[in-house]
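In the two complexes below, subunit A is the common chain; its partner is subunit B in one and subunit C in the other.
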Partner chain A sequence: MKNFGVIAAILLAAILLSGCWDQRELGEITVVTGIAVDKGENDSYILTVEAINATELNNRTASGFAPSIIYSAEGNSIAELIYRVNEGISRHLIYSHMRTLIIGEELAKEGIIDFIDFLERNREIRDDFNILIARDSKGSDVLKVTYQFQKSTSLKLHTQLDTMMKDWGGDPGVRMNDVITAWTARGRQPVMAAVRIKGDPEAGANTENMMKVTPDALVVLDSLAIFNGDKLVGFLTLEDSRNYLWIQDKINKTSITVKCSESRYMGIRVYDTKTKIKGKLENGKADIHIKIRAEAYIEGAYCKDQFVKVKTYEENGKIAEKQVNEKVAETIKKVQQEYGTDIFGFGEVVLRQDYQNFNKVEKNWDEKFAEADIHVDTSLNIRRTGIRTKSFLKEVK
Partner chain B sequence: MSILKSLLKMRKKKEYPVQVEEAAVAGPDLKNLNLEQLKEKIIAEFGSTIDLSIDELKTEGKDALLVYLTTMIDTKSLKETILQSISGQKEGFHLSTEDDLKSLCKEKFGGAGYQLVETFDEIIISLLYGNIIILFKDMEKALSLSMAIGEDRSITEPSTQTVIRGPKDGFVESITTNVSLLRRRIKNRNLRFERFIIGSETNTTVYIGYMDGIANEKIVEEVRKRLGKIKVNAIFESGNIEELIADKAATPFPLALNSERPDAVASNLLEGKIAILIDGTPFVLVVPAVLVDFFSIAEDYYQNFMMGSFLRIIRYVSFMIALITPSLYVGILTFHHELLPTPLLLGIIAQREGVPFPAVIEVILMEVTFEILREAGVRMPRAVGQTVSIVGALVIGQAAAEAGIISNIMVIIVAITAIANFVSPTYSFAAAARLLRFLLIIVSSILGLYGVLIVLVFIVAHLSSLRSFGIPYLSPVAPFIIEQQKDVFFRFPIWSMRKRPAYLKTQNPEKFPKTGSPSPPPMKGDQPN
Partner chain C sequence: MLKENISLSQLLTLLINFLLGSAIVVGVGGDAKKDAWIAIAVSIMFGFGIMLFYYFLISRVPGKNLYELMEMGFKRPIAIIFSSIYVVYFLYLASRVVRDFGELIASAILPSTPIEVISLTICLAMAYILYLGLEVLGRTSEIFTPYLFGFLFLLTILLFASGNADLNEIKPVLGDGLKPVLKALFPTLIVFPFGELIAFSLILPVVTNFKYCLRVSLLGVAIAGALLLFAMFLMIVTLGADALLRSNFPMLSSAREVSIGNFIERIDALVVFIMMLGILVKGSVFMFAGLKGLEYTFRLPYRYFSLPVAMLVSAYSVLISVNFGDHWQEGLEMVPYFLHLPMQFGLPSLLLIAVLWRKRKKKAKPGTKGMKF
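And now, the complex of A and B:
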């Protein structure tokens, strides 16, 4: 019985003295769903947090106030700033639900790797939030824009990018861990999605913006930001962004418009696709073969052909194949010539498939990439034509 | 033959340590007392109780005393049968020796369950069991005849452990009726019952029942031993016995199964378990009990095996829900906000906006309120029962949430916990979850989910330390017996469950020969000829 007392005392001490240290009642916290980092005026960074007013996000309790509060603080380390923002916000901020990190263009051009370390090290912050570049504006302005459905921009962007990637493929689907992988991997440079404010940023930071059918300001997915190391070097169009995904074998579904004859087009929906890349170094020159296999169905066609014969399917498939080949090659060429940074990860492919040779050129791989021979070979099969075989267009009087 | 007899005698001695005969050894013998003295002594024993009746009569040319407790016997049949058969004298017959008495009894009460008693204490106990005693002058033995009153509650549907499909009869308070219910289910000569008298002041009849040739003899012996050790003064319910024969007292988990259903007890007997029936209660104990017994009910075997398996899994899930939901709520809301999807977290925050209490106080408040309501619902007079449920529903739900004392989600948590707790087929097992829930809530409020996990680990460790009559409580899961897995989380088709539980080490481990699954006769076209 004496022993029992001792054990009980130890257990109680262990539980009571060590417990509760990270306890936070729901009434004491505010959820942060997005942060933005911009270049500071005096110090290195300005951190802006979007802290959600949960009552406003719930339809039953909402009363028309602002859905979130946005507050900025300036300093030299993000690690300090995430607590400094409490100079203006009453409750503990919890960062575990952070969905988006928006980086101002100006800062991105100077390099971002310093503060990313904090985000990756912190025990609370996840590593799978969206990481975005605010093109032509400050990150904090993007956060301020309100939206009808999710109300807060960070939540909206998270959903929007996901939907976009699944339906069409404009978002590269890059989360923070992807960026870090790209930085640490041999033979790959990171990319990020870039967003832009369409409209007036001032008007966007107002609850009235949520009440309009055509909002005064809207955050739209704009382009693909490409990096050399941790520095932003340029932007590619959304079309290129889709082609980037195609090369990365990350396309879920997409739609392409194919020109079937002069001023006549057909829309086809690609629903199943697979990309394989082969790469090696020949006489010091990289030789990359990209093989894309895709299945598609017709979604809209005002071409003259009726899809009744196998041959027609094959012919139109060939046209589409050719177009995909051209567009994908074009994108790669653009990156090769203008930026010379291997965002596609061809270096990784060569590393795996031609290890000895890659080791020799690793130091100046980006140069090798810029002059690499790229061959794109697409095989696209049109399998179905929606719920119509013959178009009514032929029968129109 | 004689060896067998002596063996039987030896066994009997060992088996019935508290039988009537032995308990009464201390009393004075009848031969030393005459009728007058006996009468005085009986009156002295019972004092001034109003229901003692001592009549003098003369039968077979001998003075005799007829003694009984008027409240314990059936006076109508006393008059009709006994008095008629003992009055009057047979020609040329003189009751003088013990053999005379025996032959008289054989002639007049043969088949009526008479007994010859010889000590004074035996007489007293016989009277208390509702027997009538006839004392003859100058005889060393007295005649004891069972004449107990037959007023009992009729057999009704059990109020606990109800089923949709299955027999609707339940045990009653009378032990003989209960035995007959079992005998009617198992028409087998190997079904044995043994009698014990337990309780120094209540002298309660307790039977143990088992299948000879199936039940493990060692376990039966252990049951006899433990029942024999009981020295308490009163036994009113199977719960008293359960507590006194348990392997371990300090546990919230029941170590014996209790059932009101004859079919459930019968099927357990055939598995090789032992039933303990107690006079005066409809709850029959079944030992040894293992954890999985508390999740399987007789109805599992009466419906489709897929449905039976599904419902059984639901029961396991419900037990876990009843056990850990409130502590998960506390743990996640105070420590692990990141575990919830963002919209759900924001929804909960919005609902809890303005709730003045921390989550743990909120949970304890509501759980205690619910336990109070539940207790009130059970204890209060039937007539006002409805009031409580209305007030309770209002207090626990709407009003408290609307007043802002608790959040709406808390109402859902309490409700799901309560409903899940009611799923448990055995009340005593559900009680374990009810108690441990509070421990989990408190630890969770200090250590979060880490604390919940620690307590769960302790519970599992505790469960694996438990034994029921020497059988590990977690068998057949730990120790693992592959054959028995057919009847743990799933209920396999009956034709495939041919083995009795191996952990019981039954004398006859196989229930029936291998038959394979039922199938239709081959079609004409399929036949080779």
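And now, the complex of A and C:
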């Protein structure tokens, strides 16, 4: 009887410890690094997945084959399509390491909200991937373009946008959850980065593209796509995109070119910025105060100024401040006048600071946004000037 | 029947894990949206009140648990009826708790694993713990509680370090006034999780140092309440009120946000540990409360029932609802009104009155026949 107990315990343990139903060996899976969604020809969507060939990404094991395989399937729900793509791809696809989601412009113009729900609901897909708009092309074409270093476009874009955002700030740094938050939040509309294929898409989808010094096709960060609800309404320039980041207090470092005298410019590296927004409604009109505080150093001065006196620092700082004020205000004005969609989240600011009044105007907030008074106030301190004080330019000219 | 004892520190950790239990899995106070943390803060006050009430009830006759008090208050036949009701109540709650965990695992961690297997494994663990007795449960929770604090602390640091926490999310504080807070408070937040402390009316009498029992219990409620408050605050600032309300398991969703330097990521496991510990303790405490009722009814040591009852709980955890929506709706719309309110406040109040009346009678006419219960 005692032995029976032991045997029963062993058998039970063997059943319970044998592992879960969800186990998958590394050899049975393929990792998906990016997906693209386009408008379908017959059905609603075309889903394109980029499944990487891991051996090609490693320099030692690479043998010159294509770094990834791209396959499309058409259907009415992305949730079904992510499994349907196995009609062309052999292994089980793993979506949890997805880096980019590219949405074709045509689809974005019609509205994208319905398939995003799947991405949020799915347990495997995390919500921290880049979400991009393919301007003037299909999302699937963007995925196909190869690149020398990261080889697959989705990995390349992920790194590129990150670097861009850290160094200059052209990418709005939008992840899927930011887009969803913008949709659900009262008084904010989403934005996304937009990319474009520079060159010939046909030639880009070839490993030979990776071997050229000037690739036949290259995916470049193009602009900032702005939305009204779930519909794409327009694009802003990269400069505007940087200003957008500045207003959102998301900028890390950036460089600005300041016009210091007639046809002479100086380059300033801005770091350590902080933006505060105050907003309230006065007599039914929104009043927004944006305070930007930044530090900077001179990186290149083509003016006659010699940075040896405090006054020179201050004067140049003032010029830069003025320019930042103008540029930022210009961006906001452009959005107010041309699109009237509150991508900056000023409504959210007012909601937080003036809740009772915001409730009254919430329904037509976009109109209020369009006619809001915007005040930008920058204080920029130039702290140092690199490793030279005086410029040699004065002696030459 | 063996006399069991648990120490004060074990009681404390049991209380903390019990109160965190499923409350941290499913999130509480959602009705108050951005102000859910205020609702929780207020509910801690009610938690103290509820704890005091149960303590007052139990301390009328030292060393007697809820069922024995019932016998004293109403005589055995009626007490048996009432205790059977309580047994069903506690076992139903245990199944609900196990189901919460099963749903969590099945929808977020192991989607192809049948929920029956998940329920069965955790119920087997509970059965074994309870077969070994309450002391083992106490020690289990005592050993694991430091990890709970450690992981919660780590999660906080990681969330703030990865820049996901935005303190602006809680503004405007009380924008819609007190109404949503009150709506979240009555009755959901009061009966769940604080009202469920009724199960501790079976544990309090076996604490070794009963003198300090009240202090420790209140401390336990305070710590657990503070942790809940903190966890809710953390979830609001990371997810925002909207995403919080849309998540089935908000704590898990907020842990998924953590990403530091593309290196520290996917720390869901920490959160699952916190949840699993809470569920294990809470489920076991409910099951223990039910077993005690069986012990009282059948006059057999409760250990005998532990495996069969655990299997019943595991089966019912799957059977109580057909889908997640059913489980959710039942928990929010039916259970608080039809089960929690009468079982947590109605019957105990009745019992308290009966016990006080009996005691008075006993004092007034010593030596008469009526005092023999």
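As a working rule, the second predicted complex is superposed on the first by the 378 of 397 C-alpha atoms of A that agree within 3 Å, B and C clash if a C-alpha of one lies under 4 Å from a C-alpha of the other, contacts with A are read in each partner's own complex, and residues count from 1 in each chain.
The rule we apply is simple: a contact is a pair of C-beta atoms (placed from the backbone, for glycine too) under 8 Å apart; a residue touches a chain by one contact, two chains touch by 3 or more.
Quick caveat: nothing in here was measured; it's all calculated off a predicted structure.
Contacts of A:13 after superposition: neither subunit B nor subunit C is touched. Once the two complexes are laid over each other on the shared chain, residue contacts for A:61 go to subunit B alone; subunit C is not touched.
Legend: residue contacts after superposition of the two complexes on their common chain; A:113 is shown touching neither subunit B nor subunit C. Once the two complexes are laid over each other on the shared chain, residue contacts for A:99 go to subunit B alone; subunit C is not touched.
Look at A:52: by the touch rule set out above, it reaches subunit B but stays clear of subunit C.
Contacts of A:26 after superposition on the shared chain: subunit B is touched, whereas subunit C is not. By the document's definition of touching, both partners, subunit B and subunit C, reach A:126. Of the two partners subunit B and subunit C, more subunit A residues are in touch with B. Using the contact criterion defined above for the overlaid structures, shared-chain residue A:155 touches subunit B, although it does not reach subunit C.
Put simply, subunit A uses residues 16, 20, 22, 126 to touch subunit B in one complex and subunit C in the other. On the subunit A side of its complex with subunit B, the touching residues are 15-16, 18-20, 22-27, 29, 31, 33, 52, 54-55, 57-58, 60-61, 94, 96-97, 99, 124, 126, 155. Within the complex formed with subunit A, the residues of subunit B that make contact are 333-335, 337-338, 342-343, 345-353, 355, 358-359, 443, 446-448, 451. Put simply, subunit C touches subunit A in their complex at residues 107-114, 121, 124, 168, 171-172, 175, 240, 242-243, 246, 256-257, 259, 266.
Remark: subunit A residues 16, 20-22, 120, 123, 126-128, 177, 180-181, 184-185, 351-353, 355 touch subunit C in the complex.
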